[in-house]
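Both complexes below contain chain A, partnered by chain B and then by chain C.
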Partner chain A sequence: MTARTVLRNEWRLLMADRPLRIALGLFALLLVYALANGVVWTRFQERTVEAAQAGNVEREQALAQELADIEAGAEPASRFSDPRLPNVMGGARGRHTAVLTPGPLTALTVGQSDLLPYYYDVNIYTNESSFQQNGEVESPLNLMVGRFDLAFVVIYPLPLLVLALSFNVLSEEREQGTLALTLSQPVSARGVVAAKLAFRALLAVGMVLAVSLVGLLVTGGFGAPGRILLWCAAVVAYALFWFVLAAWVNSLRRSSAWNATVLVGAWLVLVVVLPAGINIAAGLLHPLPSRVQMITAQREASNEAVNRRSELLARYLEDHPEMAEGVVADEPGLGALAWAATDAVNRRLEEVTAEHDASRAEQIALVRRYRFLSPALMAQGVLLDAAGTGDARFAGFQSQVRAFAERWRDFFVPAIVAGEQMDASVLPSVPQFNLAEEASGEVTRRAAVPLAVLGGLLLLVGAGAGVGLGRVRGAS
Partner chain B sequence: MQTADSGAGRPPLLEARGLSKRYGATQALDSLDLAIEPGEVYCLLGPNGAGKTTTINLFLGFVSPSGGQALVSGMDVSTHDRETKHRLAYIPEQVMLYRNLSGLENLEYFAALGGKGSLGRERLADILVEAGLERDAVDRRVSEYSKGMRQKVGIAIAMAKEADALLLDEPTSGLDPKASNEFSALIERLRHGGVAVLMATHDLFRAKETGTRVGIMRYGSLVTELGTDEIGHADLERVYLEHMHD
Partner chain C sequence: MIRHSIRHIIRKEFSDVLRDGRFRWCSVLVGALLLVSLGHGWVQAREAQREHAAAQATARDHWESQGEKNPHSAAHYGIYAFKPRLALSFVDEGVDPYTGTSVWLEAHRQNDFLLRPAQDATSAQRIGALTAAQVLQHLVPLLIILLTFGALAGERERGTLRQLLSTGVGRRDLALGKALGIAGALALLLVPAAAVGAAALVVGSPGPAASPVARAAVLAVVYLVYFAAFLALSLAVSAWARSTRTVLVILLGVWVVNGLVAPRVAVDLSKWMHPTPSALEFARTVEREMASGTEDIPRPDNDALTEDLLTEYGVERVEDLPINQSGVLLQASEEFGDRIFDRNYGALWDTFERQGAVHELVAVAAPLLAVRALSMGLAGTDVEQHRHFASAAETYRRDLMRRMNGDLTENSRSGDFSYQAGAELWESTPPLRYDAPTLGWVLGNRILSLVVLGGWLAGTILIAAARVRRAEVT
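Take a look at the complex of A and B:
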């Protein structure tokens, strides 16, 4: 009875409070704008992926057609793009674009999908430089702050709305004098505050979840119920954390102004200062090597490789004796020489990028370790992971593309080194990229820890608020 | 101390037994013994800081006693918070309501909290009118109400609750004579309906007019108790001043 009564009264108070209605209206606009942003980005990404996949088919058909024409007696269109040459078929002309389709909840959380590459052109020349140039060499936290999407609204403005709705949930009752009359009824301050916050939580969280639902309807993202549940759980847990924090601050029985100051301070520390501090610490403790250094190393390796092609080929054949057959040591083909140089450049690049990757991995590890200091970081991590727009899915994609590029090289390089020609019969055997999505259980396992910590924090602060409110018996 | 007849062995509606409250070094209430039966209006008189409001707060459970017991229908307020509040209604010195809601909406809310959510809007509007509010003011926002009108909503809240006992803390403070008179008439009606009333007041005239018994408090102690039938206005004033000058 108390809960229903308070909920009804809260609704009336809301309807009678114009500034609050305006604030909620503005928040609703923010949500709609953020969703529209996400939907626009998802559509763009879908179109790009479709175009890339269509490009794969077109290139394969063009190769097949020209090979058939050559077999029928026609001359290749150009000596340098003769599809029978393995470095042409496996090179830029016959390249395969490996794509990562948008995550199921990308419209809700664009996350890093607008910063990290979601397609790579794979050919025999694909090397670490391809991955580095396509990717953003950037701090993981900077990567985490992306487009103005629903996740951004949840992490940054939603707590402010929650605080605006609840910073004076009890103090206002005392200051306007209604608390005495309320507590003279057979109700507890804890029960009244809980019901008042429940109404406000329903309002704020309900708006976010309703707009999210619309987003899923528009983009057809209902195919991943597990991820949707994780997304909703993160939104609810994060919003409730701010509500119980407001309840706890109210239970200290200070003025509304004091509550507002403390809560906004908490928002600043937990949402802005701590994440920024962790970002700075990650950069200071594990600085990324200079990008200029990487590019210089790549150029030096390239020049050196060109000058020492014969020597490099001999070394390459020592390392790959299975490819020595067919290569005339004194008069090696141009393809073999070129490939030896390419391989040498690739190795040098791997050394240089390994240092970069190690620093970046340490940065990510540091951020992951200290994310537990900030509910905002924990919630954001889960939102990104659930949406499939976080580090993990992109890292998985890149790792699969690396493996695919290796299979691609393994398919064409022996023919290059041996100076063989290809024909149409090999086309069906050319490697194809098929993304293996990670199991939803894996995503859940990753999200479980921050969600559990967030839940624990929620219970802890909630218990503190409950104890404090239990002591509120009168008006003073 | 004069104690009213409990009648049929039932405990008094409001009873203080050695009730004490200490705030640090200050003894706000010192071993108060008091019993108020149905149909009685007990007025606590005394200067500021005499312990009148503390007594009411102890009966409401707003503060915990340092000693003794506050009982409502024989139930200790400290251990039966909900049950005793079902039997009590409270009107503070300043009835503060939700300013953005109408008098009727405020009444609906507080009546529902008090367990009378089943009363319809029409019945509640009638109660507001019975409490003295003009019919056309019922649906107006409380922000437009005078203090007297808010006090009437407070009375309506108490009436809607149909409580056995009424606790009033300086209820006529700041009211004009007409509003005070109407207020007294309402208390009289409730008294005749069997409600026990404990009223803290500075208003000796109102205490004599409305009360059945008067207790004079000073420094947290009940220094004397009088039946209002036994004395006139002048006598009450004289006795009061005598105790204040001791």
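Take a look at the complex of A and C:
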């Protein structure tokens, strides 16, 4: 009896088993539904991104138009929104929306993209508090529950399908009395179980990967092969982990009912209980510094700054001697005074944020270390990261926007401090935000350790199963 | 009066459960998780409430000590409001991590609540948050399934069912006795947890709430009804299906649909039935309407308002008015803005509430959704109660602006930009006080869930009774 015969028989048996057929059909339905959901969400984000970019163009055109009118002798529409003023052209009126385009695999993993902001309006007043904003409009209830995307199907229901397909892969043969017959052929228990599981894995993983590829065809295409490979690797490794776990439990030679109970228990512990326990531990050991205290600090900084504006200006000019030109120290312009205060508040906010970020990083490091206890957490991390909807891509975007805001300030602030006006000639050189996508090597580097651990776990449990199955004799 | 035979069955079932190592371990695990999550929730809620109260006091302090300035500058300076954590939020944090915790109340605009704790957490925390409510909603039903699936099907498989019935025990009594025996075993787990929760509430209530004890009592009843429905359902399947394996597969399927699939399907359904605008669209609509008004909410006509003032005071020129015209115009613009905000934010929150109703309707297929809605409501952490606080904060903002504009109008003259008010005015504005909604208000919002949950209990008991009556012996 060759592996091919086993495979052919398995296919016939599987198709004859009505409950299993139904389970497979339902799973396929879940996959398609999850993908449709992800595609709808990706389209929604793409439309928003387009609208935001169109807004940038519109604002620039409006500025150019009014500047041309003024040049031709017209009066500005309002004294407060005169586009020649650098704090208007670089302020709310001329703001630039910096946009994070949806991650290349968003259709497969909504991830954090419904929670975290994917665009920021940047102007000269952008500071750390500007990053404290809500993302997309979404009911808090819907955010709490989370989306039905492919990553969800992979993390939660996929292992259950795997277990349903394989919890009795060997025990059933023994209970039906066919094991002795099978093993009387020139084939080992190890070989039989491996062939059976390989067939089932091909079926389950094949379905997930096929639907994923359809999703990619419908949305982004294959522009990010590195990320796609990581996604597939995570799906395969995670699914195989559950298959070898089932093989190992089968190798213990207990009843099918016992296998089912233990495997469902393992699912519960590894997928539900452990992640929760890790988070509770992290929350207790490294409580996040609260943002609430940041508001108070921010408030105090701005109170102080307003009261000490002249003093702050002197210090600001000391720090930025290149700007001192054109400012008469004895009677500085209002713009210069106001900017000195703004700048002081920004500095203080940066300090407060830096402290906050440091403690936050500590907690995240802890969570990242303990995620190795749960295959579900490892897989989820890689799936999100590969899709570009994990925490890393959003954090990278935020730091790029930070740098962009700096460039924006450097462009407008000298004119504000000097009390100068601007004209249409500067418009083409106003900074534009261009997203620099992370090199796929970076993503791979982050995913390498969890994937390796998952792979190691797979080999370990697989070896255990192999040894156990080696002891199975037909006569036993 | 419980008949003698039932007492025997209850006692036997009870000791069976306690003797079975697997169930003992499962119960210990669930019990430990329940206690840990209760304790963790309590520590966290207390800490958050302490911090919010302190921040609120500091905010008031900032307001009072802002020094001499024009009332309109003070209005721009504004004040921050921090959402209090209600007493029972340690049992169920609900949507709290996904709503902001604080809002800036300033002149001219209604701001969003900012600082969502979930934004600071990692994606791992999003799938692995565990509160006492989640243990009760997800894990206890699983435990019930594990305790019950063999109750009748197992006896049948072993052939002991025929034996039992031949002793003259009625089928109904047998099923009832088994149910009560299992309930007794569960009580060993739930009663101490409830006691710990109640003690935490009494010893150190994390925060304020209207009638926390009544809320806690109703919460306990809601969970008991949920567990009873699960127990009845499990018994019904155990009486109906041929083998324990089938019973287990069906019940686990129910559990997966109830806890994993249905909640997320409800999200999509609610979004599809009641779509929300994108954040960008929403912000643009508000910006546009604020700039140029709408058909039914026109921008205030400053010239007409000035004319009215001149007529009212019988003077010719603005300079001769005994009041400051700016205060009146500012207040008019404030009230115009209020109507625009009410329209847009009102519509948005109405949509969120309609989406919530879709979740409650899906509860017809998955009781978890009804229990979750009731649990969050009673804990004070649902969308409606967030909106309740948000409205209270907004009402406070509007009152504050009215006071500032009123002072400007009364105590200065038009064109006088040098007028400054002082601590007396700041201190004369009352601090923000918030009264959490009553139990009646909360339950009034959740009538749909109450009905659906009641329906689940009645339905599962009826089905169980019918299935037990017709249960086959072999």
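Throughout what follows, the second predicted complex is superposed on the first by the 459 of 476 C-alpha atoms of A that agree within 3 Å, B and C clash if a C-alpha of one lies under 4 Å from a C-alpha of the other, contacts with A are read in each partner's own complex, and residues count from 1 in each chain.
Going forward, a contact is a pair of C-beta atoms (placed from the backbone, for glycine too) under 8 Å apart; a residue touches a chain by one contact, two chains touch by 3 or more.
As the structure is a computational prediction, the values presented were derived from the model and not from experiment.
Participant: A:V264 in the overlay: touching chain B, chain C, both, or neither? Say first, second, both or neither.
Facilitator: The second partner, chain C, only.
Participant: Can A:Q432 be said to touch chain B (first), chain C (second), both, or neither?
Facilitator: In the superposition, A:Q432 touches no partner, neither chain B nor chain C.
Participant: Give one of first, second, both or neither to describe whether A:Y119 is in contact with chain B, with chain C, with both, or with none.
Facilitator: After superposition on chain A, A:Y119 lies in contact with chain C alone.
Participant: Tell me the contact category for A:S399 with respect to chain B and chain C: first, second, both or neither.
Facilitator: Neither partner.
Participant: Could you look at A:S184 and tell me whether it touches chain B, chain C, both or neither (first, second, both, neither)?
Facilitator: In the superposed model, A:S184 contacts chain B only, not chain C.
Participant: According to the stated criteria, A:S255 is in contact with first (chain B), second (chain C), both, or neither; which is it?
Facilitator: Neither partner.
Participant: Of the two partners chain B and chain C, which one touches more residues belonging to chain A?
Facilitator: In the superposed model, C touches more residues of chain A.
Participant: With both complexes overlaid on chain A, does A:A16 touch chain B (first), chain C (second), both or neither?
Facilitator: After superposition on chain A, A:A16 lies in contact with chain B alone.
Participant: Do any residues of chain A touch both chain B and chain C, and if so, which are they?
Facilitator: Touching chain B in the first complex and chain C in the second, no residue of chain A appears in both lists.
Participant: Contact residues on chain A for chain C in the complex?
Facilitator: Listed in rising order, the residues are 19, 30, 37, 44, 47-48, 51-52, 55, 111-112, 115-116, 119, 132-148, 152, 155-157, 160, 164, 256-257, 260-261, 264-265, 268, 272-273, 275-280, 282-284, 287-288, 290-293, 295-296, 299-300, 303, 307, 360, 364, 367, 371, 376-377, 380-381, 384, 390-391.
Participant: Along chain A, where are the residues that touch chain B in the complex?
Facilitator: These residues of chain A touch chain B: 1-2, 4-6, 8-9, 12-13, 16-17, 176-178, 180-188, 473-476.
Participant: Give the list of chain C residues in touch with chain A in this complex.
Facilitator: Counting only chain C, the residues touching chain A are 22, 26, 29, 33, 36-37, 40, 43-44, 47-48, 51-52, 55, 58-59, 62, 66-67, 80, 82, 94-95, 97-102, 112-130, 134, 138-139, 142, 146, 244-245, 248-249, 252, 256, 260-261, 263-268, 270-271, 276-282, 284, 348, 351-352, 355-356, 359, 382-383, 386.
Participant: Write out the stretch or stretches of chain B touching chain A in their complex.
Facilitator: 57, 60-64, 81-83, 85-86, 88-90, 92, 94-101, 105, 109-110, 112-115, 117, 141, 154, 157, 161, 167
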